[in-house]
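There are structures below to look over.
Below, chain A partners chain B and then partners chain C, in two separate complexes.
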Partner chain A sequence: MNHAHADNERRELLDQIRAIEFMTIDLNLYLDTHPNDRRALNEYNYYTRQLQALRKEYEMRYGPLTNFGYSLSQYPWAWINEPWPWEEDHYMEGC
Partner chain B sequence: MWVYEKKLQYPVRIKNPNPKMAKYIITQYGGPDGELAASLRYLSQRYHMPIPEAKAVLNDIGTEELAHFEMVGAMVYQLMKGACPEEIKMADVGTYFADHDNAVYPSTGTGVPFTAAYIQSKGDPIADLHEDLAAEQKARATYENLIKLADDPDVIDPLRFLREREIVHFQRFGEVLQKVREYMESKKYF
Partner chain C sequence: MDYRHPRYCWPRAPYGYYDYPMKKGLELAEAYIPYQQYTTSLSPMEALRAGTMFPELVRPYEKKGCEGGKADESCSR
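Up next is the complex of A and B:
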């Protein structure tokens, strides 16, 4: 498996996490003003479970998504590993 | 307490540097209707909200705005990264470059630095929520202007996402305003 392929897989999983997390964010805001909507709450819990499973899968393969005690780290401390979220190594070479 | 997630809320993957576009977009980083102002406004106003729904909405939207602040920062970073001084001169971004090189600094496109004077925290929930509704509309209008200025799909895509979030936030603030009004009316008459 070459590097570009592994990077694509990582990115795909991250996109999946983002899509599910988007559902939880949007439902969360909706529930803030509709706390008695049982259907929305069930959906929130449904996507939250999916998100927890996806995060776990990602972190096992690519390292922690969160710090401060929310994710375990292998040796050496993996939190500092690149890329950081604002670095998508797509752009052209600098001058 | 906040916990950082090592990912953007929505992907920003800009292949081609474009310092001119960076100069347009940076106002949503540190300008009057930008994401930093939005976040500080809601997170400061939440302390004086009278009902749980209002506290939650201001807390949670204020938090989401921080994620948008990061996305806009990533856009500016990627648009400036790899641009040569020649391109920067051509794009008329030399004044920014002189002060900040290719760095990301919270200001407007014309170089006015970020200031808390962009926001208010009035201690009056009705007044604050009206400001919040207006803020979301102003941010939506800014994103629409930016989309008109952009021609790169890598740039337009995240701008569209951010624009849509302003509309959802406006909706939630409208619901909160209604609930706060009802609460205050009920206090007045009973």
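Up next is the complex of A and C:
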């Protein structure tokens, strides 16, 4: 798998994480004012589980997504060589 | 001392507006928000792009011919 293909896969996974995380955020905000909306709550839990799985997969393959105790790191300390968000084109094309 | 009581927080009229009818105890604007009911949702990727998962809240700013703030027919919608 050449480098470009691998990087593409990584960015696709990251875009998925962003989209799913966005759903948890929006549902969370909705639930703050509608705590009894069972359907919204079920969907929040569904997306939250999905997000946790996606994050785990990302971190296993590419290293920690977050720091300060929110993500584990392999040896050596991987946080510093993660591409910083502003260092690469993080904008989703065509959006 | 309840500073929210109108007697204390009498709205200050901006300078030069002292004849403006700012009566004491005037209630400031009160906003209302109709209760939202969750019915349909955009897909995650669509929601991320639109900035909301609720189709009814998608209200992108469309560029209109309103330069200079002067409203003309093309502005009214």
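Following the convention adopted for this analysis, the second predicted complex is superposed on the first by the 87 of 95 C-alpha atoms of A that agree within 3 Å, B and C clash if a C-alpha of one lies under 4 Å from a C-alpha of the other, contacts with A are read in each partner's own complex, and residues count from 1 in each chain.
Here is the rule we use: a residue touches a chain if its C-beta (ideal position, glycine included) is under 8 Å from a C-beta of that chain, and two chains touch if they have at least 3 such contacts.
Note that the structure is a prediction, hence the values are computed from the model and not measured.
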Once chain A of both complexes is superposed, is A:L51 in touch with chain B (first), chain C (second), both, or neither? neither
Please work out whether A:T66 is in contact with chain B alone, chain C alone, both, or neither, and reply first, second, both or neither. first
Scan A:P35 for contacts with chain B and chain C and give back first, second, both or neither. first
Hey, is it chain B or chain C that touches more of chain A? B
Could you say whether A:D26 touches chain B, chain C, both of them, or neither, answering first, second, both or neither? both
Given the touch rule stated above, what does A:R18 touch, chain B (first), chain C (second), both, or neither? both
Output the chain A positions appearing in both contact lists, the one against chain B and the one against chain C. 15, 18, 22, 26, 30, 33-34, 92, 95
Along chain A, where are the residues that touch chain B in the complex? 14-15, 17-18, 21-22, 25-26, 28-30, 32-35, 64-68, 70, 79, 84-86, 88, 90-95
Chain A touches which residues of chain B in the complex? 3-17, 53, 56-57, 60-61, 64, 70, 73-74, 77-78, 81-85, 168-169, 172, 175-176, 179
Could you pull out which chain A residues touch chain C in their complex? 15-16, 18-20, 22-23, 26-27, 30, 33-34, 37, 39-40, 43, 47, 92, 95
Would you mind writing out the residues of chain C in touch with chain A in their complex? 36, 38, 41, 44-45, 47-49, 52-54
